[in-house]
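Each chain gets a letter, A, B, C and D, in the order it is written, and its residues are counted from 1.
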Amino acid sequence: MLIVMQKDASGDQIAAVNEKIVALGLTAHAIPGAQRVAIGITGNQSGLLEPGLFSCLGGVQDVIRVSQPYKLVSREVKPDDTVIEVGGVKIGGGHFCVMAGPCSVESRDQVMRTAMHVREHGAHMLRGGAYKPRTSPYEFQGLKLEGLKLLAEAREKTGMPIITEVKDTATLAQVAEYADVLQIGARNMQNFSLLEALGELKKPVMLKRGPSATVREWLMAAEYIVARGNYQVILCERGIRTFETLTRNTLDLGILPILREMTHLPIVVDPSHGTGRVTAVTPMARAAAATHVDGIMVEVHPDPKTALSDGPQALTFPMFETLMREIRPIVKGGGQHFA
Amino acid sequence: MLIVMQKDASGDQIAAVNEKIVALGLTAHAIPGAQRVAIGITGNQSGLLEPGLFSCLGGVQDVIRVSQPYKLVSREVKPDDTVIEVGGVKIGGGHFCVMAGPCSVESRDQVMRTAMHVREHGAHMLRGGAYKPRTSPYEFQGLKLEGLKLLAEAREKTGMPIITEVKDTATLAQVAEYADVLQIGARNMQNFSLLEALGELKKPVMLKRGPSATVREWLMAAEYIVARGNYQVILCERGIRTFETLTRNTLDLGILPILREMTHLPIVVDPSHGTGRVTAVTPMARAAAATHVDGIMVEVHPDPKTALSDGPQALTFPMFETLMREIRPIVKGGGQHFA
Amino acid sequence: MLIVMQKDASGDQIAAVNEKIVALGLTAHAIPGAQRVAIGITGNQSGLLEPGLFSCLGGVQDVIRVSQPYKLVSREVKPDDTVIEVGGVKIGGGHFCVMAGPCSVESRDQVMRTAMHVREHGAHMLRGGAYKPRTSPYEFQGLKLEGLKLLAEAREKTGMPIITEVKDTATLAQVAEYADVLQIGARNMQNFSLLEALGELKKPVMLKRGPSATVREWLMAAEYIVARGNYQVILCERGIRTFETLTRNTLDLGILPILREMTHLPIVVDPSHGTGRVTAVTPMARAAAATHVDGIMVEVHPDPKTALSDGPQALTFPMFETLMREIRPIVKGGGQHFA
Amino acid sequence: MLIVMQKDASGDQIAAVNEKIVALGLTAHAIPGAQRVAIGITGNQSGLLEPGLFSCLGGVQDVIRVSQPYKLVSREVKPDDTVIEVGGVKIGGGHFCVMAGPCSVESRDQVMRTAMHVREHGAHMLRGGAYKPRTSPYEFQGLKLEGLKLLAEAREKTGMPIITEVKDTATLAQVAEYADVLQIGARNMQNFSLLEALGELKKPVMLKRGPSATVREWLMAAEYIVARGNYQVILCERGIRTFETLTRNTLDLGILPILREMTHLPIVVDPSHGTGRVTAVTPMARAAAATHVDGIMVEVHPDPKTALSDGPQALTFPMFETLMREIRPIVKGGGQHFA
């Protein structure tokens, strides 16, 4: 249930609504809005809450039943786009963001060269894996703390905020100390304990869609984070698993316009994991931009043949330049802001 | 195996190669090329054909083993793009084509109004179903011959060539009499008898990808047509079946750049069937254009709510105008010709 | 809509109901029942048919609205199992049937030896492909008419009825002349023109599930046949296409108990195509029997290594003996009749 | 790489092999075998290890290169079945185990009644969820510690060991204190930090297959546990996500005979989650037994309509009795031991 307050509702009136919610054993969520305050209610398992309990209170304009199981992330509850700002970079609400960098941080030289290159050609945020969840226990698992420090060094040098994956609660505090945006990998999309811990944090989170997650399940996973009070969630489409093996995953662009109607959260696309084939990355980055998403995330490596992970999908430096040159007019043509 | 002739090979030399192929019990396929003639060989089940049998003949420049099971449709055999021309409209090789019209032809008024509208706003070809394969035997199956006649009337009035589905060999001759391009629906992609019959015809064919067909299987289905001598095949991606039910199908744009490398045939995208949701059609048309395909096919209806088939995915007239306005700069930005 | 007649309804009363249906522009289908006659009505596109139109007629016991789009194949319309009898072999209603033989008929020796062997070890019906739809146009397409004749010869020698695939309407009459049961392959499940032609025939049909067909679509495809008057349809589960590539298809046994509730048609399972791996065929035959289906279809070859098609999934003669020995107690334990 | 020692190799000889492995910077894994000791080597990222380094040592019989990325769980490395024994119950190597109980522990009465009933009718182990990962943050998440205590009470009363899900590392120690077997849910199959923590424990683990995991990925996930020294891993097939929505998941029985050849670990099947439809549970339990797996896990509830989770797939008490009566002859007919 959602309580929409009048534009000129007083602080006392808002407090009175919150008290009533708490008194009923439920949880109140203040929903930030440009025009007015709204208060979401969760915890109502019976489904029998009476609108009249709230509509009689002072300053209340409207009481709305929310029909979706994902509540706080839905447009029903918050109609205007969420814009996330981190280190001077905006994502969402018409601001397009390019996140680029290596799959794994491998060395100072590799991460610095890549960061300088992508910055120079217009990237807004640096990506790079320090903790790498890998299918096999015998594969390279990342440089860990050393990798985080190299990313921080690259941030200092280039001014770009950094996004890196957090793979478990044990390393969350450490990763959060260095990262500007915390990435949740596809395989952790329904790692609910990790999602809850992220909900307690006040840091932006980028939640990748699981390889077999429906859009509903993805939104519910985001709801886990938001329900704990962290509203800064970015959704990232990175391909789903289908019968087709020509590409590593099937990038599901078709859901994006519908997802846009369902949620106010920013949406980005990862064409690198979404296809796993370097040939397809730039065309899919263009395609994603043409659907008017809020950004892309791509893998770039100085020498993909020697990459310790995901070499076949990493762009070379010249390829990244081409990508940036080609998506810019598409993004601008769509009326989005591309700094 | 592929025999590449020298640029200045004489007609006699070409004939000699053909004779040798026939003498070995195999089939020769002349491959049209801008620069030189090439001759594909099929029917070699043993796989033991000796290149030396041909390299010694006059005028032969090169003898190439073709590694793919799809031979004649592969870039290995014919490196330059196939361009299909029909009624003054070109598809492929940099020519972008918009096919638009109703899912089913329902009445003279409906098809004429739609044809006039899409023509006015830049469509190149008129689509419309006269024979409709339907999941249930109790659903509307199309106006059949009457529908074909209405399409022909619309062609006369607008000058646009028409594309319509042929659903079986029994009606093939009739449909071929009216249609400029014969469409094979997704469920008939592996109707091999129908494909063979189309191979005997000298009319362009648009082959839709089956809902669970891999790219390899799709190319093999095209090979069925080409192996019988009809090189005018257009491939149409229209979504695959996955676990996600938010959209009717999952439009698989990620394979397109790779498919482009695999085959010389023109490729178009159908965002209407590919998503089944009107909200997603225009964004996916833009996305398809951004991948540099050779065209799109979309469903347009004067009043989607009353459509006898596929109403939820049909664009209204104003929506089609928006689509055309939005894809034009993307197509042109990609260096393609958009008449 | 379904009109259930009283047990003692007279021929005149039944005729009166039929006449009323026809007078309304609809189609009447007599539904064979052990106890009483029922009459299904199709063609009612408006959905507004009034039960009262029929309940007032003499001899009418009940008028039932049928909620499913598949009507005549549903249990709602015909509660008791359909039993199909062919050449002395019964399928359905507690009668378990083993169909065995080579994927393709390759030679007299191969088909005769296989037929004798499977007959000796308890098979009830001989399978064998004469017309083979193949993914590539360059693969072996079957012995065609010669193959049909060899199957007929094997029938004469062993007494077993034969089941073979019909791949198009052009060869339907020829195949129907030789076959006892006409098999529709998975890729033709929605070849509606072929289904309609089979509906006109009075021969049992075995309809394989398409690789990406939902159970609903499969039942609708069966409805195409039954709606034309041919009630002798057997459904065959043969695996669906999923992301898992360890097996050729994913045999979907989990739907069978639910399918059983939805339809009165006999159901068989093909573990050969359903797994594509000889190791898995016998275990899946046992598993299928344990779900209480009405039969299995398996591929057997004297020398799988030399098979012209599907060698990796064909059982050797000793493997077939093991299979028969192992499924017999499971079938009998399930209370089914296994001749 | 795998070092197979001679039957009569001395402790010193084994120690010498271990020392050499450690000296090379690699990890040695003693592989328990009925006849002889074998030592697996992991950590060899270069792939250039020379067999001669070990074959020259005393007591070494054979040095085998292991070709699969999953090493310690493969049959190549350990040909004989792993048998897991817990609280007097054996799983694997011919011992069939029935795990039954409620989806969630809801109350003392519910869990005690269920435990008594399933015990009485032949179940070997009690299942029940105390920590429940749920798709929505607003759903019932289990009784947690209170649930674990109720399970322990039921164990005391019935003598059955208990299996329950552990959802994160934070609660692992607590769950491990009460549980006899730790279950890893499908959504946590690639929660590598949790897998590693389980590898350090000396408790049996049941690892469910992820909804979109290939068999290879599943075995790699098991390898994460085994590589840390915990060899007591049971694999549980519980259905994969496909396009078919008639069942909640598609139970993938077809892979089981192949999986059996790939790994020595015990394999069980969960037909409750695998179908999500109570109608299908008992038939799929029979089918699983007919494939000769090592056990099944089923959900039973005194009153499924009131269940707080997964009611539509829970068996009633009489249904469980039927299931047990029906699978017993199938298990015994397959030559397995069913206590």
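General observations
Everything that follows uses one rule, which is that a contact is a pair of C-beta atoms (placed from the backbone, for glycine too) under 8 Å apart; a residue touches a chain by one contact, two chains touch by 3 or more.
Just so it is clear, the model here is predicted, and its values are computed rather than measured.
Shared contact partners of subunit A and subunit C comprise B, D. Although subunit B and subunit C share one sequence, what matters here is the overlap of their interface residues, and that overlap exceeds half of the numbers used.
When you average the Cα atoms of each chain and compare centres, the chain farthest from subunit C turns out to be A. Distance from the subunit A centre to the subunit B centre is 38 Å, each centre being the mean of its Cα atoms.
Averaging C-alpha coordinates per chain places the centre of subunit B 34 Å away from that of subunit C. The distance from the centre of subunit B to the centre of subunit D, with each centre set as the mean of the Cα atoms, comes to 50 Å. Residue positions of subunit B with contacts to 2 or more other chains are 212, 241-243, 245. Every residue of subunit B that touches subunit C in the complex is listed here, in rising order: 42-43, 45, 69-71, 133-138, 140, 167-170, 187-188, 190-194, 196, 210-212, 217, 220, 223-224, 227, 241. Taken together, the subunit C residues at the contact with subunit D in this complex read 212, 214-216, 239-240, 242-247, 249-258, 261, 271, 274-275, 277, 279-280, 283-284, 286-292, 326, 329-330, 333-334. Residues 241-243, 245 of subunit D touch subunit B in their complex.
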